[in-house]
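Two complexes follow with chain A in common, the first pairing it with chain B and the second with chain C.
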Partner chain A sequence: MKKSENTGQNKKHRELGLSIIPAIIMVLFVFFWQAAVDFFNVQPFILPGPITVFKAIYDERNLLLTHILVTLGEALAGLGVAIFLGIVFGLLMGYCKPVRIALYPIFVITQTIPLIILAPLFAIWFGFGFLPKVIIVVLMCFFPISITFTQDLIKSDEDMDSILKVMGASKWKSFRLARIPQALPGLFSGLKIAVTYSITGAVISEWIGAKQGLGIYMTRAMTSFKTAVLFADVFIIIVLSLVLYKLVELIEKRFVKRIDYV
Partner chain B sequence: MTNNSINKLKYIFLITIMIFGIAACTTQPLQEPQPEALKKVTAVLDWTPNTNHTGLYVAKDKGFFKEQGLEVEIIQPSEGTSDTIVASGKAQFGISYQESVTYARAADIPLISIAAVIQHNTSGFASLKEKNILTPKDFEGKVYGGWGSEMEEATIRYLMEQAGADFSKVTIMTTGDADFFQTSATGQIDFAWIFEGWAGIEAKQKGMELNYIDLGKEAPVFDYYTPVIITNETILKEDKALVEAFMKGVKKGYEYAIKNPEEAADILIKEVPEINQELVRESQKFLSDRYQDDAATWGVQKEEVWQRYTDWMFANGFIDKKIDVTKAFTNEFID
Partner chain C sequence: MDNSIRIKELNMVYTGLADDDGTGLGVLSNVNLKVQANEFVSILGPSGCGKSTLLKIIAGLEKDYEGEIYLGNDNPKYKRVPVCYMLQKDCLMPWRSLLSNVLLPIEIKKGDLKKAREEIQPLISEFGLAGFENYRPRQLSGGMRQRAALLRTYLMDGEIMLLDEPFGALDEITRMQMQDWLTLVWGKHRKTVLFVTHDIDEAIYLSDRVLVMSERPGTINGEINIDFERPRKREMILTSQYSEYKKSILKFLKT
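Right, the complex of A and B next:
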């Protein structure tokens, strides 16, 4: 008992040690970026240094916040719908082969749609409100969730199925008892991909036509030659995506055991 | 184990619902309360807001639309889609260009231009001073960076042929949305097509010296209207009063901007704080004199200007039939 606690502690220490590595790399990267910009005397409209970018974030913080809330709202709403649909269709396709055969190609097709090109049509069909934005986020996030979940549902341990069958469990019962729990890691890896898409999805959705949001902010900065603000915007998008990702990882750690990342 | 896994699923559903909740909360403040019985109208810009659009924002901010019983929502669409959106009726009004309206009408899409925002074409070909591009003849041996449309090629070819230069000696490169300064400063292109009142002003702000070839002065045929305000024929037919009301507000907005460039710039900055403020102020000073320019009143369009460029487009094969230009624009809502 005591021993295992110790190894747990050691493991924690080791993980902490490992997580410092990417932090060091990031710091070094930012440092070299600044040094290179200074050394080569790069004009800020060609490539702004990190100091200029952080200053832009600070200067524009109030404006950024307004736009962040709009984009986050779109991303979360879309993500919510995508998670719900992803789980429902994942379960349906994982449980019932004909459904899987019928739907899978359609889902793949949804991923081949060049959304940017369809932008004006989206504006015509759904207007400039909240709905078209949510639809675009759903289109981008729904696929990885349903597909990874489905795949893990169909490739779960077959021995377990046989045992349960021998014990007299129905198909639904063994699906519920054995397959779903075993497919949770798949569901979560789909979720992780989906959350990283969600913010970008919301940004793209604003390009079809909007009044506010990080995507609008980005194009306005770009066309008025504010390169540093453009970078600030990109930085915020990265941070938001990382936070969402981390959140999913934390939830996953709570619910799915014995997973070693890296 | 059983209950556990079901619980996990329940949890995921719960989180989903929570996310819905959060999203619902964050979006609530966006829905502004509706004021008494104002008619809701949508106007789409051509792309990002800039000083071409000042009159619209002034009219909105100063209550010129409200006086007309309108509540106007100004939308930034994806680039080059305002025509389709106005044609579909999802927006009643939009910002476009003479060229686009001509294309649309040649394809039997019934758009109509109801005002010229700027009386003369304020665009042209710009290059860094050290490139020594003073006339279209100097385009020879140089690299042009543009959006990749045939219209650009034909325009450059026409200017060069007029000057007796060899068009085949120009390299045409598609740089898309990459901005003029980035591509010229890094030596990837030699000249580009810019709006004098925007990128031209920005060059001054950056302390860069440019040579600028004014398109309209170089060849009168290219002195067309850009941008224009458009609506579609159905709205014009069925709700003339709406067009009248909208244009009254817009005209008042631009007239205010002509008289008060500094206040107008401040209004634009207030309405669109994301854009470059110093650029807006300088650009506004430049454009306020040019909205109306030598015309009797703001917004007037001449048949001659429409006919000239339509003929050129037809002669160069951009449209396969000549449109009736008298139907493509109207001054009815200006006077």
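Right, the complex of A and C next:
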């Protein structure tokens, strides 16, 4: 039977109410930050107030935009490759145990190599352009996608497997009908982790050497003590990551709700 | 097709368990049984007696046993025999609508889904699911979910139905409704039914014949023919004949 809609609505209201809390905290934080900077008369090159930061964003908007586009391009390209690889390897490892046993440790090792070492190496091998950044983003993002996806793909329900087998389903068919849909929520949690990594990944690789991008813009701001610009840069990175995250969440809501093959 | 079940000298031993002393754990020991075509037979036994394993063997899910099994003329060890199989857990896929859950056997067989969707409309009503075709399992009551699972089981296209405690997780009232309703459907469509349960009243109420199994290693201790006429009435529980049946079942359970 249908669940009582009333309680559903109440729950929704309550959740909406709770989601305001982080916004309030953020506003309070910004307010105290500004107040503290004003009160103690802190030099803007040490700690700029929020107003100075927003002014910096406004003043530098044209320059920021070109850098944003470069970084976003790298992040999205890397993310695209990572999603493709993550899904392919997730499926392979979820379906085939030998593949999982062979690849899993290697995947873990790729995550233990410090990026701060890899980025300059890639700069030596591939130059200062687009490609090395994309590789770094791929390295950071494909791991959470493939691992969370695999983990949900191998969750087995003995009764469900039995029923499907009696119905005459092959191993692959069982996998397609029961396991893949069951693992989609896992895939999306991996995606959410990956998108939050993607912008940061691109920025870190730009630090080491790039012609354009938020990362190199950040190092320039740092070396010339334009602390407000540095903060502006960080603010943009946060916003970009949040937007990507929200986007994945929206797709998930649409997609996971609608899975139905008949 | 002949839809009888014949089992001869079935033995099964689990090996490689943690507390194994080398001889293995006997699960089934010398099980012999015959179910006539279109007969409704219950297997009653204490939990862990191997009755679920027996159904698994008949369904072709377990092959590591000794003895002979024939479904009609086919041995499920060597040839896939289509059977209908149902468990206590409804195993409905939460991301599918009721209708697409029910149609799963046809989808797996690569049957004509469009045609099937039209053809099963009367069955949907008969199974009391009309109007709920597009609901997700979580939106349905326990009884409805189990009826959906039973309809899906029915569409598995075998003439033999293996039901493993299908109503075990339901509350008493829903279970009685489901029993009445299973008898009704069975009366209309007549398949061979092998019904596993640990509920004595359920076994007597539903079956033509009750087989009682012993504790592990399970074997058939005895069988009781239930001669109440169909359709069965709940009031038969008050007759002396009913008490006799129950008494002999209890006796077999103890030995």
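The working rule: the second predicted complex is superposed on the first by the 238 of 262 C-alpha atoms of A that agree within 3 Å, B and C clash if a C-alpha of one lies under 4 Å from a C-alpha of the other, contacts with A are read in each partner's own complex, and residues count from 1 in each chain.
Following the convention adopted for this analysis, contacts are C-beta pairs under 8 Å (C-beta built on N, C-alpha and C of every residue); 3 or more make two chains touch, one makes a residue touch a chain.
This structure is a prediction, so every number in the text was calculated from the model and none was measured.
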Touched partner set for A:Ile124, first chain B, second chain C, both or neither: first
Chain B versus chain C as contact partner of A:Ile237, first or second or both or neither: neither
Partner chain in contact with A:Ile193 - chain B first, chain C second, else both or neither: neither
Touching partner for A:Met167 - first (chain B), second (chain C), both, neither: second
Broader residue contact with chain A after superposition on the shared chain, chain B or chain C: B
Touching partner for A:Ile136 - first (chain B), second (chain C), both, neither: neither
Touched partner set for A:Lys226, first chain B, second chain C, both or neither: first
Touched partner set for A:Asp159, first chain B, second chain C, both or neither: second
Overlapping contact positions on chain A, where the chain C interface meets the chain B interface: 177, 181
Contacting residues of chain B [partner chain A, same complex]: 1-2, 4-6, 8-9, 11-13, 15-17, 19-20, 22-24, 26-27, 30, 42, 44, 47-50, 73-78, 81, 84-85, 88, 90, 177, 179, 181-182, 185-186, 199, 202, 206, 272-276, 279-280
Contact footprint of chain C on chain A as seen in their complex: 1-3, 157, 159-160, 162-169, 173, 177-178, 181-182, 256, 259-262
Chain B partner contacts - residues on chain A that touch it in the complex: 43, 45-46, 63, 67, 69-70, 72-74, 76-77, 79-81, 83-84, 87, 116, 119-120, 123-124, 127-128, 130, 176-177, 180-181, 184, 187, 207-212, 216-217, 219-227, 229, 251, 255
Sites on chain C touched by chain A in the complex: 56, 59-61, 80, 82-83, 85-87, 89, 91, 93, 95-97, 99-100, 103-105, 107-109, 113, 139-141, 144, 156
